[in-house]
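In this document, chain identifiers A, B, C and D correspond to the written order of the chains, with residue numbering beginning at 1 in each.
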Amino acid sequence: MSTGRVETFADGVLAIAATLLILNVDSQIRETDHLARELLQIWPSYVAYAVSFLTIGIIWANHHTFMHQIERADRTFLLLTVLFLLCISFIPFPTRLVAEHIRDDGARAATVLYGITLTLTAVMFNAVWLYASVRRRLLKEDADPKVVAGITRSYRWGPVSYLVVTIVALIHPILGVALLGLVDLSWVIDSAVFAPRERATSGP
Amino acid sequence: MSTGRVETFADGVLAIAATLLILNVDSQIRETDHLARELLQIWPSYVAYAVSFLTIGIIWANHHTFMHQIERADRTFLLLTVLFLLCISFIPFPTRLVAEHIRDDGARAATVLYGITLTLTAVMFNAVWLYASVRRRLLKEDADPKVVAGITRSYRWGPVSYLVVTIVALIHPILGVALLGLVDLSWVIDSAVFAPRERATSGP
Amino acid sequence: MSTGRVETFADGVLAIAATLLILNVDSQIRETDHLARELLQIWPSYVAYAVSFLTIGIIWANHHTFMHQIERADRTFLLLTVLFLLCISFIPFPTRLVAEHIRDDGARAATVLYGITLTLTAVMFNAVWLYASVRRRLLKEDADPKVVAGITRSYRWGPVSYLVVTIVALIHPILGVALLGLVDLSWVIDSAVFAPRERATSGP
Amino acid sequence: MSTGRVETFADGVLAIAATLLILNVDSQIRETDHLARELLQIWPSYVAYAVSFLTIGIIWANHHTFMHQIERADRTFLLLTVLFLLCISFIPFPTRLVAEHIRDDGARAATVLYGITLTLTAVMFNAVWLYASVRRRLLKEDADPKVVAGITRSYRWGPVSYLVVTIVALIHPILGVALLGLVDLSWVIDSAVFAPRERATSGP
């Protein structure tokens, strides 16, 4: 089987999960007489929206990168991809909970659920990639072993980072969320710095 | 007509139906003072989410498999595909009802509706495939008759399995849902065991 | 410009509009003690869901057919397509109103709004096609004039049919909805009868 | 990396954001005894729906145009695209607020948030294009410098226009919204007038 439809389906779920995030912001404002004040008060919803959207966007970009190395799909690969997308699609739920409860007693429960969701997402992301790349099972013939090893190396930090975020959130919810923002930010900086070098090696 | 757009549209509906499932989980938690406790209490919503997502994912993977054998589409094929997707798109509704009512008097009605929906989905799935494959109506010229017969054989158990689930749900709702989980699980095990062999025969 | 992305965007809007229809059914059932009874009572929601899904599916199949004749897109074509999709995306709203109000005083307002929406959709659908086909503006060089004329002929009945439905709905709402079901049904029968002949002429 | 998946993901987010707009109209009508009257009363929701759908549609058409000039994507390009889509996906929220509050005290807050959202969207849109086009970083080898310069020239008015709209909305909310409608309308007229000339130069 070719990988075209895997990408279409994955892009669909990723795009929808990201776009549904706005419904969480939207549901915070209902029947109000002080719109300006309330729009300022729900700032955690904007932060949560931006962080989750960026997280899903980063996952999409990374998925984009590794699918580029893959030649074909088998049923196990499809199944692992479905389980990975099952995690992605769950993200909007804890996102809303974090935004809604970060300033009350529910902060711990909300941020820990958020952390667990991202940890499982990162685990499944690695599972999909490792299934395809170990012993070059589904890779393209011309996939550069150095690039493949580089991808494996950079992705394996995902589950660890998010697990640390989850544990921190269990102790101090706000610190956990702040740390998560840092994880995303590190990718943004990484892109800005490494993109030129990368471009030099990957022509059209 | 080529089949490219059929796949795009089907992937769209499948991806959206799967991603909308999270809205059902989300709607279970509203204005609460005991977030952690409520997050644990709504566990049937997580199970229902996972089972329905996995079911749609399996249907997607199977659709992926059979579209691979099909060369072209005619209007009847498009119409049958639309009716099949009409069933897919219905799935989030009974999923929520099962999650919400599995512990109260509505369990029977909810699980039976869920079972009927999946039975009709499987019937339409078979209708699409049989329309395309009987007398090789829309198949690729090089479609292997053995593979075609194998697909026909494996799919025809779908309606039967789901009808049995529905009847069991009518008598004992929780047993019906458990059985449904088993049907999904059997596919997962099947994939893990048979994938290697399959890969050997289907090169790029 | 090529037409690939026009199809992706159109398929996206069509698939999402169709899949969102289930939210209308879902919202009819809230906090109930008599689930089985209520599930039977909301039958107009199922009919409305099926009719609107089928209508969007038929429009998708027809869009599929005419895009097959088109070589390229210009800005006016993109703009007309956006306006056509704006109508498509509106369909879930009157669908819910019809399902909810067909048995009360709001039946007339709901069905007339539904009829107007479908009439405008059909008008815009024809506008897109006529813009592309008149003087073969955006057609493929090898587009068969007979096929082109046939498409033009069959589509122009759309706005007229839906306008009649709207006027009938103004006088007798339930008759209007029944008529709409007939319009859809006629396409279904048409497909089943004419598909074989069509297949004979359109090879891969 | 090729640009195919960038377009799929972008089209997905654009299509979903546009299609979700109908939920805002839908939520205005709840449990009413005077459906016809209420359907007339919520006219600002229809205007807001049409203006936002058209705005997203125009952005889609423009994105379509510039992606046509781009050969490949690097990580920074993907990141900027994600940030651009983050703005797009936000649009349904202020759209609902404007529709709901244009006739009460919240008009200023709603329209200003709408204006800020569109301004940031236009800024990110330019950032994506400028990153790709400056020193022809990601352009196709045969990208015509005149066309590239033309795109740059026409897009840079976007942020300026929307900033003016925002400032006007701060002073006079309704005037701001009217101005926004004019910005969209100018594109519509522009398309109708310039499309023929453009078509002459861009063959298949």
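Heads up, the rule we're going with is that a residue touches a chain if its C-beta (ideal position, glycine included) is under 8 Å from a C-beta of that chain, and two chains touch if they have at least 3 such contacts.
The structure presented is a predicted model; accordingly, all values stated were derived computationally and were not measured.
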If I average the CA coordinates per chain, which chain comes out farthest from chain B? D
Rounded to the nearest Å, the gap separating the Cα centres of chain B and chain D is 36
Which whole number of Å gives the spacing of the CA centres of chain A and chain D? 25
Mind pulling the chain B residues that touch 2 or more other chains? 8, 12, 16, 20, 23
What are all the touching pairs of chains? A-B, A-D, B-C, C-D
So in the complex, the part of chain B that touches chain A is made up of which residues? 7-8, 11-12, 14-16, 18-23, 25-26, 29, 32-33, 35-36, 39, 49-50, 53-54, 57-58, 60-61, 64-65, 67-68, 187-188, 190-192, 194-195, 198-199, 202-204
Spell out the residues on chain D that touch chain A in their complex, using ranges where they run on. 1-2, 5-6, 8-9, 12-13, 16-17, 20, 23, 71-72, 74-79, 82-83, 85-86, 89-90, 92-93, 96-97, 101, 105-106, 108-110, 113, 137
